[in-house]
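Next come two complexes built around chain A: one with chain B, the other with chain C.
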Partner chain A sequence: MSSLLPTTESPAAAVSRSYGAIVWRQLRRRPSAMVSLAVIMLLALAAVLASFIAGEVPIRWVEKGEVSWPIFRYLDNLEYAGMLAFVLAILLPVTIRLVRARAERAAASPFVRAVLIHAAIWAAVLLALVVLRSPERRYGFYLERAAQAESAWFPLIPTPRYPGYDSLPLRDQRPTWQHPLGTDRMGQDVLLLILYGARTAMTIGFVAVGIGSGIGVALGAVSGYFGRWVDLIMMRITEVFMFIPRIVLIIIILAVMPSWVPALWAVVAVLGLTGWTDPYRYMRAELLRIRGEDYITAARALGIPTWRLLLRHAVPNGMAPILVGATFGIAGAVFLEASLAFLNLVQTPSWGELLNDGRQHLETWWAWGAAGAAIFITVLVYNLLGEAVRDAIDPKLKI
Partner chain B sequence: MKTYILKRLLLMIPTLIGVTMVVFFIVRLAPGDPIEAMIRNQSGNIDPKAMKESADKIRERLGLIEYHFLRDRLFGPEKSWAEKPAGAWFWSVDAADKVASAAIGYAKWFRQLARGDFGESIKFRTSGGSRSPLLLMMERIPVTATLNVIAEVLIFVIAIPVGFAAARYQGRWFDRVSSFVLLALYSIPVILAGTVFIGYLGMGGSGWHLFPVGNLHSFGYEKLAWGQYIIDLLWHTTLPVICLVYGGFAYLAKMGRASLLENLRADYVRTARAKGLPEEQVVYHHALSNSLLPMITALVLAIPGLIGGSVIVEYIFSIQGTGLLLVDAARAYDLALLMAETLLYGVLTLLFLLIGDVLYAWADPRVRYE
Partner chain C sequence: MTQSADILLSVDGLTTRFFTDEGVSYAVEDVSFAIPRSRTLALVGESGCGKTVTALSILRLIPDPPGRIVAGSVRLGATDLLRLPEDEMRRVRGNRISMVFQEPMTSLNPVFTIGDQILEAVVLHKKVGREEATRQTVAMLHKVGIPDPESRIREYPHQMSGGMRQRVMIAMALVCGPELVIADEPTTALDVTIQAQILDLLRSLQADIGMSILLITHDLGVVAEIAHHVCVMYAGRIVEEADVQELFDNPLHPYTVGLFRSRPSLEHRGPLAAIPGTVPSPLAIPPGCPFHPRCPLSDGAKCAADRPPLETHAAGHTAACWYAGRVAEMRTRGEPLYK
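Let's look at the complex of A and B:
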């Protein structure tokens, strides 16, 4: 059916600059956006490579003339998945170039295609890893035998971190070369905790906001496009969720969340399930505007099925506020996650937890100060990026 | 005006019922059984029989009982089963029972709510028995309200002029610096600011002992004259109020800036300038008064976030308000109290929104009281 439609061949698309490219050009001109992007990349890199920066498993190990690379056997499957996600995100522009010609012939967005391809690769590799691989877990094995090795490349900060290791003698140390950010009251290296906190913050930021935006976009598109009683009912339901302050909703959901749910996924679920009201409102408002436009009428007149019309024509044109909202949303999610750990409602390895320790142990300023600074910088760069994206897309957006 | 308020109040009712539904079904749909965890949390490991008894009592009260009308009729009571039946037929019968018991549970719970019976708090008990969540909240609402009203007024008084000044000098240094500073303030986590304030400025901390922490009044405050009373209150609320307000500036200042800019570009401003009015009068008299109107809505819309933020602030400063009560209830699995608290926050938000709408209708003659 779709091959009969004139939309499948669009010579105009091949000449014109894509919407994404225009926004990117606008962004490139803003120093604050570029600095924020660089900081976000650095944070993501630190989160992904945390095991190479601080930890106890050596990267390279030479014993009796035999060379081995132990860290690759020890890395978690999720750590590999994180690294792959990072690499795939960096390679996205390359894939977009590669699929551009084919996508444009099919009148599809090369960006969306590239993202889908990368998501498929990522999911396949993750599945293969989970099925085929079980990482090694011998705590303290290499640190104890460090003297026997002819050569050992440990992570930059070789910190023992395994159950049963007595780290208490190391507690409350000021920053030194061995522990660049000092140690906390349990004797754990603060830099290591900050890196693992970055992991939590990044995961929660991206995944929770992704879930929230996904739900919001889907509901908002349906509500705005169909209007009438569908819209009326959905808007009333959304109002109910909007009128309970988000943190209150989160606290009550976390309270009844069963204890077998891992803390990280509990937070992701809670933030995702309570974060859809804003994207919903934006998408609904956009679609109320878009559904009256000529190209939608034209598409409907051509007999395009409704789901296809929504997916290919209506929703992509209403994504601008969602994108801006999501950038601010990540800042908000990092903030909320730290607050929840601070309130001791979840036990994730988090910056908020370090700050909560600081409440009782103010003298270890290097520990809570580093955590506070990490939250501040992360939230600030996402907010700056959000402002820049908003100005690049449409300065009049009211978000 | 009266009919307008009445109408808005009536329109609140369906939303309120929706809020009760959300609260009920969050607790109802939670996988696992929070009730037994809650009892274990409160009274340690007790023997199974006593556990079952008290759990059933609480379930009855909160409308969480599972009924098996259809299942018992079609498959016989659970005791008579040789093994658990399986298959789509059993599953759908069971699901129908679950839906029915959720509906019945909600109806029962709602009937109690409508009578003003919010169940019993298991966390906060006196020697005379358990206490009603309603009474517990009533004691604490004034504290939270005081904090939030002071914060709200301060935000309004500081953010709006900053926003207007930024619009007046659009693109100049004040505009740029203020927008960055406000964004940076907005990005400072409250939990960091609170920790620093308590540690270095609060009494009992390790720095200067400047401000008291934990209460809103000094001991024996009832005897103070009203002037001293106010000063005492402000002294006690300084730190928490700073924590509540500094993040709110960015949002409102931005709204103020956008609003004034829009008005400065409007036709009527061009007309005013064209007929030779002095610039001061054009800006301060014509544009400014018109820009203030949408600010009312913006301020009111910021309230849910502010009230939510006070949960964290109250926890940091150990202020005995409703926010701290909420956190305590969550820690102790005190479901009755949690549900009542969430409802309270919904009602508070709705009330504030109503006040905002009424103010707006009062300020803008174009809004008709339909």
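Let's look at the complex of A and C:
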């Protein structure tokens, strides 16, 4: 059991090591996991900083001796929220350490507290942004006047971008230095589309899987812990949901959705609300096992109330399969979103949409090739990471 | 058994059955005993004789379904625990009655630090802040002999040895100052050297804190070590009950005699003696005296037909055997009961 811990440490000197820390150590030994994580970080970074990498709004602009930073006026509220989410996710380990140090002796699950703190910060900032700020939306303004500026720092790839953009002279260009991945049939820079597609894919992946896992964990915990008729009814309902074809359901919902709801949000919502069946079954199975464990009986013998027993004692012990499932789930969601966009159901810059364009314009291989590669790489790294997490958590590592 | 004023917990006619697909399992039938304050009562018997079910019934932790307490009362002071609403029962658990489990390796939650697990009970029952609860936790861990408890509370169960974990379990059971601790085979899973330490610890804590102990064990050595009073259980029933000295000197039930005979001893060389046969399944308990198919004194008629009641044979010494008198006679004549 403890043989996996380094034997060089004497028990007295052993550093207190949480479950998460042990899994992380296991994960760090796997090159595929580390490479996947690095690629995912890059993808996330590209998604978050897309406006700085490719676009038409300059970062710094000097005209008539007046210095301005236009991009910050143009950035969407959700882009700011995305950047903040990225920074907060990176800083999570720091907060965990702070919480643990501050709560003097033994903090109640520092991980959960840190996540809650960060979620609160994020929600507060997002709310403030939405209420207080309306971003500039004047397209095609700076690129045309670039000559009048004394100095202008454009994104790495200065390229026009706005809804309904169509530029005849720029259509279907092969990759050049100016457009590293060429342009598509509307004359849009493909790299720009890939970056914004990454944003779509990441949003769909994380948010849809987050919603699905949340619902699945809550329902599965109740179902598995209480068992009997509760479990019987919930399991039958779940079976019904499992047999609804998700793509068909999404097509129907998008058809009846009022037009003011962005299609992307509708897709995220539907994927989330139908994606809870797998986490539900994992958590249910885990709890059927956990509720018979000695430590649950021991906790009951200590007089711990039922809800607390469920939330604090049972659920954390069943999270491992959820984590693995979520990692694979993100890959699945990215793939599903690509399929939907391929069917032309979502009007949002997306890899699937690029692929669909390529169906009629096979000769613009740079466009559909880049999109296909992006989908392939994303799905691959999430699957590799999922496998590595599964190996790190499961059977070799017993706690 | 002793003066009723001193009685902390009295169990009366406790009957717990499991209603399974294969039929009704008579796990505990009509069990009665009483535990005085600051004393230790041992429940002794082979595996599967209903000791643990008795303990879980006292705390009302029998999994329902399939189990159900069908009759009896469990009185803690003046309150009958079996009639308490679940919410009030929850406040008894861990607070007034707590339990030490057999398996220290699996009875601690792997995702929490041991400090967290112990102080959760303190915060819950004593309504104190985390800081005060932490202080009490450290003090308790110190008391159960865990070195450097200030840093140990931040460790996870997998970082500790079995003996250390059992100490943690004991600290967890005692931290709220319960009146009764149920120790379910607290030393079975431990090395012999650690066993002695844990027994010493329980005994000195009892002298210090004054809680009563209900000790569940199959190990007569452990009984001799710390029990004041002993109940011998067989097939869900108590078959003999006496003070520890009396029981060891003068066992009256053939089953108790068999248990003593099957202990390893220094004088008696050769293979270990065993009681012939096996414990009957609680699904099919023999009629009459449940022990009669294995008993050397069984007459095959009365023993197989009528169940012997618990009868008093000496002050504070009861046994449920039609031939308890003959067991005593044979001992005075030096005749072996088992061939």
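The rule we apply is simple: the second predicted complex is superposed on the first by the 351 of 399 C-alpha atoms of A that agree within 3 Å, B and C clash if a C-alpha of one lies under 4 Å from a C-alpha of the other, contacts with A are read in each partner's own complex, and residues count from 1 in each chain.
Here is the rule we use: a contact is a pair of C-beta atoms (placed from the backbone, for glycine too) under 8 Å apart; a residue touches a chain by one contact, two chains touch by 3 or more.
The shown structure was predicted, so the numbers you read here are calculated from the model rather than taken from an experiment.
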| item | value |
| --- | --- |
| Which of chain B and chain C A:74 touches, first, second, both or neither | neither |
| Which superposed partner A:294 touches (first chain B, second chain C, both, neither) | second |
| First, second, both or neither for A:305, with chain B first and chain C second | second |
| Which partner reaches more residues of chain A (counting touched residues only), chain B or chain C | B |
| First, second, both or neither for A:331, with chain B first and chain C second | first |
| Partner chain in contact with A:366 - chain B first, chain C second, else both or neither | neither |
| Partner chain in contact with A:225 - chain B first, chain C second, else both or neither | neither |
| Intersection of chain A interface sets (partners chain B, chain C) | none |
| Touch list for chain C against partner chain A, complex | 59, 61, 65, 90-95, 98-99, 101, 103, 105-113, 115-116, 119-121, 124-125, 130-131, 134, 137-138, 147-148, 150-151, 153-156, 158-161, 169, 172 |
| Chain A contact footprint on chain B (complex, rising order) | 14-15, 18-19, 21-23, 26-27, 30-32, 34, 37, 183-184, 186-192, 195-196, 198-200, 205-206, 258, 304-305, 307-309, 311-312, 315-316, 326-327, 329-331, 333, 335, 338-339, 341-342, 345-346, 349-350, 353 |
| Chain C contact footprint on chain A (complex, rising order) | 1-2, 5, 11-12, 14, 16-19, 103-106, 108-109, 228, 293-295, 297-305, 312-313, 316-317, 399 |
| Contacting residues of chain A [partner chain B, same complex] | 236-237, 239-249, 251-260, 331, 335, 338-339, 342-345, 352, 355-356, 358-359, 362-363, 368, 371-372, 375-376, 379-380, 383-384, 387, 398 |
